[in-house]
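The following pair of complexes shares a single chain, chain A, combined with chain B in the former and chain C in the latter.
Let's look at the complex of A and B:
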């Protein structure tokens, strides 16, 4: 059994996929920064930023449904921002009567909440487009280009290389546990986990310890194999070709456009 | 299909730009120092070893166990990484795990990645390290020290990381402190128990199968410093819980109000932090936290000064 769900990359013959990874990384980060800088309730700016984000999604040919599904991951955290609806001070919009006390949703609170929601949704959409249109090794090269230290990028790369192997091992551990677990209440039609919570947690701990020990040994073997092939601690990568002039233009235009949109946000 | 162990990965849009950039700066600075220490300790085997272990922690986060009904518990892994690798390598390993989760799974924002690395990588690892070493010292090398230390370190790392997350949300104005802190604290106090149990199970396996891996990080650092640092961190964590403290005025004030002699109390000569509310911060709960933190730090440094002067005097008397 092999693990496929880990790779976010979806190859498509689109304009966005063809862009240099450095350009894409910088534009995605600039977009997220622009969204974060846009003040609360600057709706025209948010609309324009959403249009920009949507056009990026369309140009990438990833499919709106795909992007929406993956960007739904940020939704549960919205619960953390819910209290701001009732705690921000402003003119009252709604009153919700609960047994014991009444919650008053203010207009300032609603504006703040909606702004946080929009910011989060737009940012995560751009992150999805970036991850799905760029193979991970290219992302690493882009990270190196913007100045992230060589050791961190090398560790990321080796982690990625062995991630699939180790996740397969974890899935095998889970399958082995399932194979050795009886189905105690199948006759009654109810599934009940056996033992106590503490026992089950310790079993998982043993599995995790097993995985870590095997990984430790594997890491030592990998290092020995690399050293036998001439590894000296220095990670050398084949340099990317310089960014073509047309893409430099796209990068500059994108950054200027985002700055203008932030300006629009502050003016409105 | 990726299982997220705990609702601690902050997405973009929830933190203000100031908080995000500040935490990016702190994380990068600490990671830079960690890189230098790793270079000294591990040398050239660092990249393959830590890469594989980062992948192992990531894969380990997929191992789940049924808690009740449909919920399941997972591993965060900061404590196990710290016990096996030491604090600096563990920081880098957790950074890689959190980074890949953000980049590939959008589990946590890209601008907020600095904050997530800080919470789960730096705070989680440091608190684990100090708690584990302290409990082991207290156990004096007996075997239960490993297990109690592992449980305590795992629970504390999850709890304090959650408090840090809540504080960051409060400072960004996303969630009021007196809601975020108790909510995050309560949820993660429970999640921390699961983390502690899994960590104990893993340490038991390691002690049986490969005891030398546990003893690698045995001798490092002076005892006194660690205990002080632990005390400081735990005290800070408790200071954050101060808004939870009863909103009733404390005993004497209440009596004074009842008996009517509260007017007779003279106002103090100078008011630095009057009524435990830091002047200038409007959100009262946040102001209480800040003053609690400052008070703790001041007390700590006073205690430190007294201890140091006593040690100097003892040394002078001995010589």
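Let's look at the complex of A and C:
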């Protein structure tokens, strides 16, 4: 059994894909930082940032639909921002009467909520473009280049490598459970298939424990395989090639543009 | 030292236990000449993998001594010994731990302290040896089991070892991938020790067979003799 869905990378012959991963990572982080720094309800600045984001989406040739669908996955997390609707002070827009309590949605609250919604959506969009246009090994190189400690980058690499293996193992366990959760004909109509909720919970708990033990064993075997090839606790890699001059220019231009957009946000 | 250097591998009266009271290796001695191709067979739990992990010092014997190409396996020689012994694990997912095939094959040479140019040359050579030149940029997870096994062999070939130690190289392969792997092993010139249940491969590829059971070596003879000895095969749960 085999999973591919975790792999976010979508190969396309686009200029965004061709960009140096270090340039892409820094620009994407700068974009997200710029979006975060832009003040609440700076609509013109949001519009410009959104235009920039959509340009990246279009240039990446990933397809607007694909990026929108992926970025929609982040929307449930925006629910956490719902309380600002009623906690911010301002002129009342609506009031909701609950028994013994009235919730007042203020205009300031609404502005803040819409800003947070828009900001998180724009940020996630850029992250989707970054992840879908850059193979993960290149992202790891870029993380190393911007000074994330090698040991942490190596840990990300191992996590990414073995997440797939772990999910494959989990799928095999689920399939094995499904194969043995038959519903005997004699029991038809008497009991629901698969047993009680408590019984199911016990099975799932057992599977989680099983996965943990398997992962632990695998960790030991991987360490043995690393040691067999000379690993001594030090993470060693090739030096990175220099970033071409043209890409440096793109990087500088992008960062300056984003700073200007944040400025627009404060002026408007 | 001088008498040990004519042997690719020399294991002298090795004892080892995982600490559960059962001896995993019980007075094991063997010697392999340079260029020899040797099979290590026996039921599960016989101590085959344990013995293999001793050959490059991942496990250390409670008693006894091990020499690889004349070098004693001890704390201060681990680096040298590991460069001499290419150990290929049974599950290629354990062996291929890097993000890409290139990174995995380059891992050993990088840790040998080679310069970048030499590492790249070694990777290219190792991938060519296993006929996987086009796979350098691939991601290990997306390969088939047969492809992973070949890459796993390339990861140790890149270290240019004197001795190849393989754990169940044909396990889990379909007939075509198995055939391809056997043909590949036939072309490799290194001294070889292969733990396996695949006695048909042993008959075809490895002139000498060591039979282990319950931590002991119970036979060490030419493969043809071992395979002809029905009583021996039956006594140790082996089947042709």
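Methods note: the second predicted complex is superposed on the first by the 243 of 268 C-alpha atoms of A that agree within 3 Å, B and C clash if a C-alpha of one lies under 4 Å from a C-alpha of the other, contacts with A are read in each partner's own complex, and residues count from 1 in each chain.
Throughout what follows, contacts are C-beta pairs under 8 Å (C-beta built on N, C-alpha and C of every residue); 3 or more make two chains touch, one makes a residue touch a chain.
What you are looking at is a predicted structure, and each value in this text was computed from that prediction instead of being measured.
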Chain B and chain C placed together on chain A: clash or fit? fit
Tell me the contact category for A:207 with respect to chain B and chain C: first, second, both or neither.
first
By the touch definition at the top of the document, which applies to A:137: first (chain B), second (chain C), both, or neither?
second
| message | Contact-wise, after the overlay, does A:97 reach chain B, chain C, both or neither (first, second, both, neither)? | response | neither
Using the touch definition from the top, say if A:267 reaches chain B (first), chain C (second), both or neither. neither
One more residue to check, A:158. First (chain B), second (chain C), both or neither?
both
Review point. Touching A:218, do we find chain B (first), chain C (second), both, or neither?
Key: both
Between chain B and chain C, the one with more contact residues on chain A is chain B
After superposition on A, vertex chain A (C-alpha centre) with arms to chain B and chain C, in degrees to the nearest 10, comes to 90
Partner chain(s) touched by A:231 [first = chain B, second = chain C, both, neither]
both
May I ask you to decide whether A:178 touches chain B, chain C, both, or neither, giving the answer as first, second, both or neither?
neither
Taking every C-alpha pair between chain B and chain C in the superposed model, the minimum, in Å, is 8
Chain A contact set shared between chain B and chain C covers 7, 136, 157-158, 160-162, 165, 218, 222, 226-227, 231-232
Residue set of chain B touching chain A in the complex reads 1-2, 7, 9-14, 16-17, 20, 31-32, 35, 38-39, 43-60, 62-68, 73, 75, 77, 80, 84, 92, 95-97, 99-100, 102-107, 109-111, 169, 173-176, 179-180, 183, 194, 197-206, 209-210, 213
Per the touch rule, the chain A residues reaching chain C in their complex are 4, 7, 135-137, 140, 157-158, 160-162, 164-165, 218, 221-222, 224-232, 236-239
Given the complex, residues on chain A that touch chain B span 5-8, 28-29, 32-33, 35-37, 70-71, 73-74, 76-77, 80-81, 83-84, 87, 112, 116-124, 127-128, 131, 136, 139, 149, 151-152, 154-163, 165-167, 169-171, 173-174, 193, 197-198, 200-216, 218-220, 222-223, 226-227, 231-233, 235
The answer for chain C against chain A in the complex is residues 53, 56, 58, 79, 82-83, 85, 87, 89, 91, 93-100, 103, 106-108, 110-112, 116, 119, 139-142, 155-156, 159
